[in-house]
Amino acid sequence: MHIEEHLEHTEPPKDMKKQIWKTFWILFALTVVDIAVYFQLMEYHSGYKNALFIILGVVKAYFIVGIFMHMKFEKKWLPYLIIVPMIFVMYLITLMVIEGNYTSFLR
Amino acid sequence: MSETTTLTNVKTGTWGGGKSPFSISYGKLMMWIFLLSDAFTFSSLLVAYGFIRHSYASNLVTPWPSPDHVFNHFPFLHGVHLPLMFVSLMTFILIFSSVTMVLAVEAGHRMAKKEVGMYMFLTILGGIGFLSCQAWEWTQFITGTHEGRMLADGSIFHGANLQMNQYGPTPFGDLFFIVTGFHGFHVLSGVVINIIIYLNVLGGTYEKRGHYEMVEKVGLYWHFVDLVWVFVFTFYYLI
Amino acid sequence: MKILNRIQKTSFIFATLIVLSLGSFAQTADEGAKLFSANCTSCHSINEKIVGPPLKNVHKKYDEAWIIKWVKNSQEFIKSGDAKAVKVYEENNKIPMTSFATFTDLQVKSIIAYVKAESEKAPVASAASASSNVATDSETETTDLSDCINWLMVVSFLLLIIVIGLMISILEKLGDIKGKPSINWIRINGFLLLAFLILGMAAVVWEFYYHTKLTVNAQTPASAHGVIYDSMFNITLVLTGIMFVVTQVLLFWYGYRYKHSDTRKALYYPDNHKLEFIWTIIPAVVLTVLVVRGLQTWSAITDRNQNDKAQVIEVFGYQFDWKMRYAGADNKLGAHDFRKMGVWNELGVDPNDSASKDDIVTSELHLKVGQPVVLKFRAKDVIHSAYLPHFRVQMNVVPGLPTQFIFTPTVTTNQMREIMKNPTFDYVLLCNKICGSAHYRMNRKVIVESAEDYYKWLSTQPKLVAENTATAESDSKALATK
Amino acid sequence: MSNQNLNQDNHGHSDDHGHHKETFISKYVFSMDHKMIAKQFLITGIIMGTLGMAMSMIFRLQLAFPDMKFPFFEGIMGHWGKDGKLDPNFYLALITIHGTIMVFYVLTAGLSGTFSNLLIPLQVGARDMASPFLNMLSYWFFFLSSCVLVSSLFVDGGPASAGWTIYPPLSALPKAIPGSGTGMTLWLVAIILFIASALLGGVNYITTVLNMRTLGMKMTRLPLTIWAFLVTAVLGLLSFPVLLGAGLLLIFDRSFGTSFYLADIPADMAGGIERVGGSPILFQHLFWFLGHPEVYIILLPALGITSEVIATNSRKPIFGYRAMIGSILAIAVLSFIVWGHHMFITGMNPFLGSVFVLGTLIIAVPSAVKTFNYIATLWKGNLQLTPAMLFAIGLVSFFISGGLTGLFLGNAALDINLHDTYFVVAHFHIVMGSAAIFGMMSGIYHWFPKMFGRMMNKSLGYAHFWLTFISAYCVFFPMHFMGLAGVPRRYYANTAYDQFSTFVDMNVFITIAALIGGAAQLLFLFNFFYSIRKGKKATQNPWNSNTLEWTAPVKHLHGNWPGDIPHVYRWPYDYSKPGSEVDFIPQNIPEEGQTDPLQEMASQHNH
């Protein structure tokens, strides 16, 4: 009985097509950076390298969610709704990595 | 029915009721919320991966293998050491199919039926391409290399199965199969849904309905699959 | 009861005398008793069905060779298609019996001899049986439920309820007719709430008075950290006790005091920020105390570096029993590997490791009083939990994850017996994580004694590797020929 | 399947679901009306609850009279109760299935499934759920899941018996216990179906509350029930997927020879494949990442219902409405970061233990705020002691008693001696068992007229309350002392160790109390099913309540309100407002000077 309200969004930019291609090239570049770093520092294992990969991953995620999934143009509540719960995931992952290391120490 | 139509134009507070506080339809909101919960499913698998991998941190007998010694093959280039090249190719395919998807959505906003159809078709091609690459990758992983691994009783084990693998500890193979498998399953279902929507587009269902929101919804799902791959790529292959 | 016990004991002695007159047979039965209590009691008893069937007269039902085959590897035996074996398996809900491949034929025979001796004197003497495990089989005969219920009383009680129900419903119908309720339920329930508060609080006091003395917290802690544990417990008990009384009294008192009346109007009182602030802060302060004290206690107890000189003992859990491994003179446990678990080597100790040469495997946990000890836990199959309530010690025993607990026992078994005025008291090691059907019987005696007694006991225990070198060698030979 | 036929279009785009012809099947079986789905959830939940309770009676008898024979055991359990003696393996199966049924099927689906479905559209002023089709699907997944779980009772080897927490390796090694065979597989299948149901429901509840509120229903005008259901749905949505992941890995370990949760298991125990490299603790972490929010998934709806019932029947606004919302949110957030307090002595990193202690004990603050607010609501009220109100007061009492013992268990140091003893059993049966059941009962008595258009019998309700309340305390309070004496839970009998024999009397007492409590539920069942057909006809607003559902007609309409949906002008707790003749002002009555919704929205906007 309720109608499927087709609600207007915060207007996406007029040059959406251009922006999509721009995003594509950014993602492409970031992946290339990933691989380049990987090859350059192949024998070099450190937390910094891993941190860099994770940061690059998060940046890529930002572009995919923001532009491709249109999040950047939605009202601000939606991003909160989706992103705030991810804190729990990060908490879980951090704790589990600590716990994994501890397991390694016990064995 | 009537009150919503008459009042949506009235300036009311965002959370005042009578309309969506996010200005999106319930269908898209549902898709977002579903994706959020699906993200937690993937997270649980990645958590398992993080836990087990780190529980090998000080294990010198069977250390966790370095990905460049495992994923270093490329089709038709036998014997060439090309670590991660193939996975990067897969990543590009997936990102590209994401681009065509978002172009389809954009064309949908303009009600350009033909363009939507074309881009949907490209997206489906991209999805199938990715799945084929993954199939090759799995085959490579399962058959293994010529060297294999010497077992305690002197025999040599090639490749991988769920109980054992030549590359490193058992959970390495198990996690590879479950993480990429679960992602592949998502891609597969995405392709199937995309095909259905594509047929609907060609049939003019959305033209009749007056909007291409359905394309947006599957678009969200498709981008999510891409998003997950970004993290699988980072955690399983790079780190 | 005492007289009964005495009769039992004399009859036991009498039985033993008869058995003794049979010469060498007695010795085997004696060894059988030991083996039985060390290996069988978690699943079997003579008269009762536990996990496995009662063993009474088992020697009459099956011949010796059959039993030996069964005990050594029942699964294989069933697979071979032996009709009797399959029948036994199916009769017992297809629960496989642990295989005792380590037993020699002679050992099985000695157990049979023991069972035979026990069967003959059972059931009267069952209580006095030599089950040296902490487990005491219950003495009472099983009874039928129907014997215990006075059906007449049940029926009359039910009738009473029905009569009351009918009366109430008639009263209510009358009320409907009059248009005015004839039972003032709100009044009744208000009083009931008050009555519940008073009686309930009285019951709580009674409960504390009568049952606190049964709890381990009321007993002297038997370990060094038990003292701080108990003080932490008491602080929490006092704080929560105050909260409990205050809130419950208010809740039920208001329930009674403000029950509905037509003359009064409720107070419109939606908010009071000061009040809300106060009752956010008070719990927060109380909790800060609990958290800080709690974390101090926790880190004191779990500190892995607290004692480098602690004696190392391994506690090994499997379905459904415990084994302890003492490190011997070098205070170093030999290496272990689950792949080496096998015939004589349940714990998977590496016989080639030099540290394992003097390791001793026992079925009881003996501790020196005042000697810090680190218990290292290992499991064979599923998760168990080593629980020593009197020492305030508990740690899960996880396959594939070595865990440990460091503590210092401070009260010997004998001292504790005096404190508790219970000459049969024993410390106990319980399994506290669900692990299967005989989970509830998976316990072992713990004895805390003086260093002197401890070494005396230890010297009687055989060394694992030395005892079994012959077997070990033949094992490795067998492997090599494979 | 016939539900396919009923649904003309895919993916929740059922725009005019109100119009197709109603046959018996579309009205009562594959109904898409949220009120009917609520009834379906409730009745399935009650049936499962009866089953779960019956199981508890059986093992209570065993615990109290370990030496006695009960010939009827053989009648109901066949070879598991041979000669009237309960088999130890089946004892474990019973506690496992009892726990599973009570936690998931009764207190998750039966409680939040029922009342979310019934109340969300009615109280926020929507025609139906956002997607009625998915809503129907949610029920049928739940139904299917119940069927699978019940069918697992009849398989060879018995149902799952590794405890409701199904820790591997016990659950991962089919050979470890008889119940780890087919029974365990079916358990996992049932739970995965259940998760599907919970997710479909949760997506729907959240979307409906956020997107479908009627005009004027601001978030700060939502009844506390809706807040509780919303937060519950969020909790379920974020935590159930983790159990799904955990269950998936467990299925692989069981059936395909992987080693996610298995380490150092010899080949002969694990189906011929040596398992190395995993960690049993990993499963526990993943399980409790669901398991702890699950506690609040159970409790929050009960607390929400209590808030509504207490306010209505005290004829007073709920005290500290905003603080109540705040504490619901705080509890929800904290519930995600404290799961490890179930695992203090698993061999987990003691440092993480400290982190979890901190989070756990902080939860006590919002819980205390809630308690005090309830008590303050009673203060100077005019209490209508209806059965629903009594159950609500009972809930608060249990919430206090059970919550306070949580302070012992949440403290890692104290947990050393209390972990897995009867103290734990007492704690969670009081705080999430009894309290949540009381919330559910309170809700049933309160909204029965809304659901079935008839009233439940009051005097039977009072008898039911007092018998249940007293017997629940008699059952669970003494258990604390057993726990303090070191009696472990999940023991088939306490006879294997001298010291516990002192508790034989107490066990008998507890069992008798449990039997009385069980019998009291028969009163409820009779009252419930009798009143559906024969109860007194309900009036439109029997409790003089303010919330929107009582403005809908007694006879159910597909679409809830015959004309326009009422607009909302005030919060739901205007009871006994000074200056008003009557002691309640429903939400759809405008404030003075606010006659037009447009006007009121405009004035809001100017603020």
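Note that the chains are named A, B, C and D in the order they appear, and that numbering of residues resets to 1 at the start of each chain.
Rule of thumb we're sticking to: a residue touches a chain if its C-beta (ideal position, glycine included) is under 8 Å from a C-beta of that chain, and two chains touch if they have at least 3 such contacts.
This structure is a prediction, so every number in the text was calculated from the model and none was measured.
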| item | value |
| --- | --- |
| Contact-richer chain pair [A-C vs C-D] | C-D |
| Chain A and chain C, separation of their C-alpha mean positions in angstrom | 50 |
| Inter-centroid spacing, chain D versus chain C (mean Cα positions, whole Å) | 31 |
| Distance from chain B to chain A - Cα centre to Cα centre, in angstrom | 13 |
| Length of the line joining the C-alpha centres of chain A and chain D, rounded to whole Å | 35 |
| Chain D residues counted as touching two or more neighbouring chains | 13, 212, 238, 242, 276, 278-279, 281-282, 285, 289, 347 |
| Residues of chain B whose C-beta touches two or more other chains | 20-22, 25, 27, 29, 33, 36, 40, 43, 47, 51-52, 55-56 |
| Shared interface positions of chain C, touching two or more other chains | 400-401, 403 |
| Interchain contacts (touch definition) - all pairs | A-B, A-C, A-D, B-D, C-D |
| Residues on chain D engaged by chain B in the complex (per definition of touch) | 11-13, 124-125, 130-131, 134, 199, 202-204, 206-208, 210-219, 221, 237-242, 244-246, 248-249, 252, 256-260, 273, 275-279, 282, 285-286, 289, 564-565, 567-568, 597-598, 601-602, 604-605 |
| Touch list for chain B against partner chain A, complex | 1, 4-5, 8, 14, 19-25, 27, 29, 32-33, 35-36, 39-40, 43, 46-47, 50-59, 68, 83-84, 88, 91-92, 95-96, 98-99, 101-103, 105-106, 109, 210-211, 213, 216, 219-220, 223-224, 226-227, 230-231, 233-234, 238-239 |
| Of all residues in chain B, those that touch chain D in their complex | 2-3, 7, 10-13, 15-18, 20-22, 25-27, 29-30, 33-34, 36-38, 40-45, 47-48, 51-52, 55-56, 62, 162-163, 169-171, 174-175, 178, 182, 214, 217 |
| Partner chain D, residues of chain C touching it in the complex | 49-51, 93-96, 134-138, 140-146, 148, 168-169, 172, 183, 185-186, 188-190, 192-193, 196, 200, 203-204, 207, 211-212, 214-217, 228-229, 232-233, 236-237, 239-240, 243-244, 247-248, 250-252, 254-255, 258-261, 264-272, 275-276, 279-280, 282-284, 287, 290-291, 294-295, 297-299, 301-302, 319, 338-339, 341, 377, 380-383, 385, 387, 389-390, 392-396, 398-401, 403, 424-426, 428, 430-441, 443 |
| Residues of chain D touching chain C in the complex | 65-71, 79-80, 84-85, 87-89, 92, 156-157, 162-163, 167, 169-170, 173, 175-178, 262-266, 269, 274, 276, 278-281, 314-323, 345-347, 350, 353-354, 357-358, 361-362, 364-365, 368-369, 371-376, 378-385, 390, 393, 396-397, 400-401, 404-405, 407-408, 411-414, 416-417, 419-421, 458-459, 462, 466, 469-470, 473, 477-478, 481, 484-486, 488, 490-499, 502-503, 506, 573, 575-578, 583 |
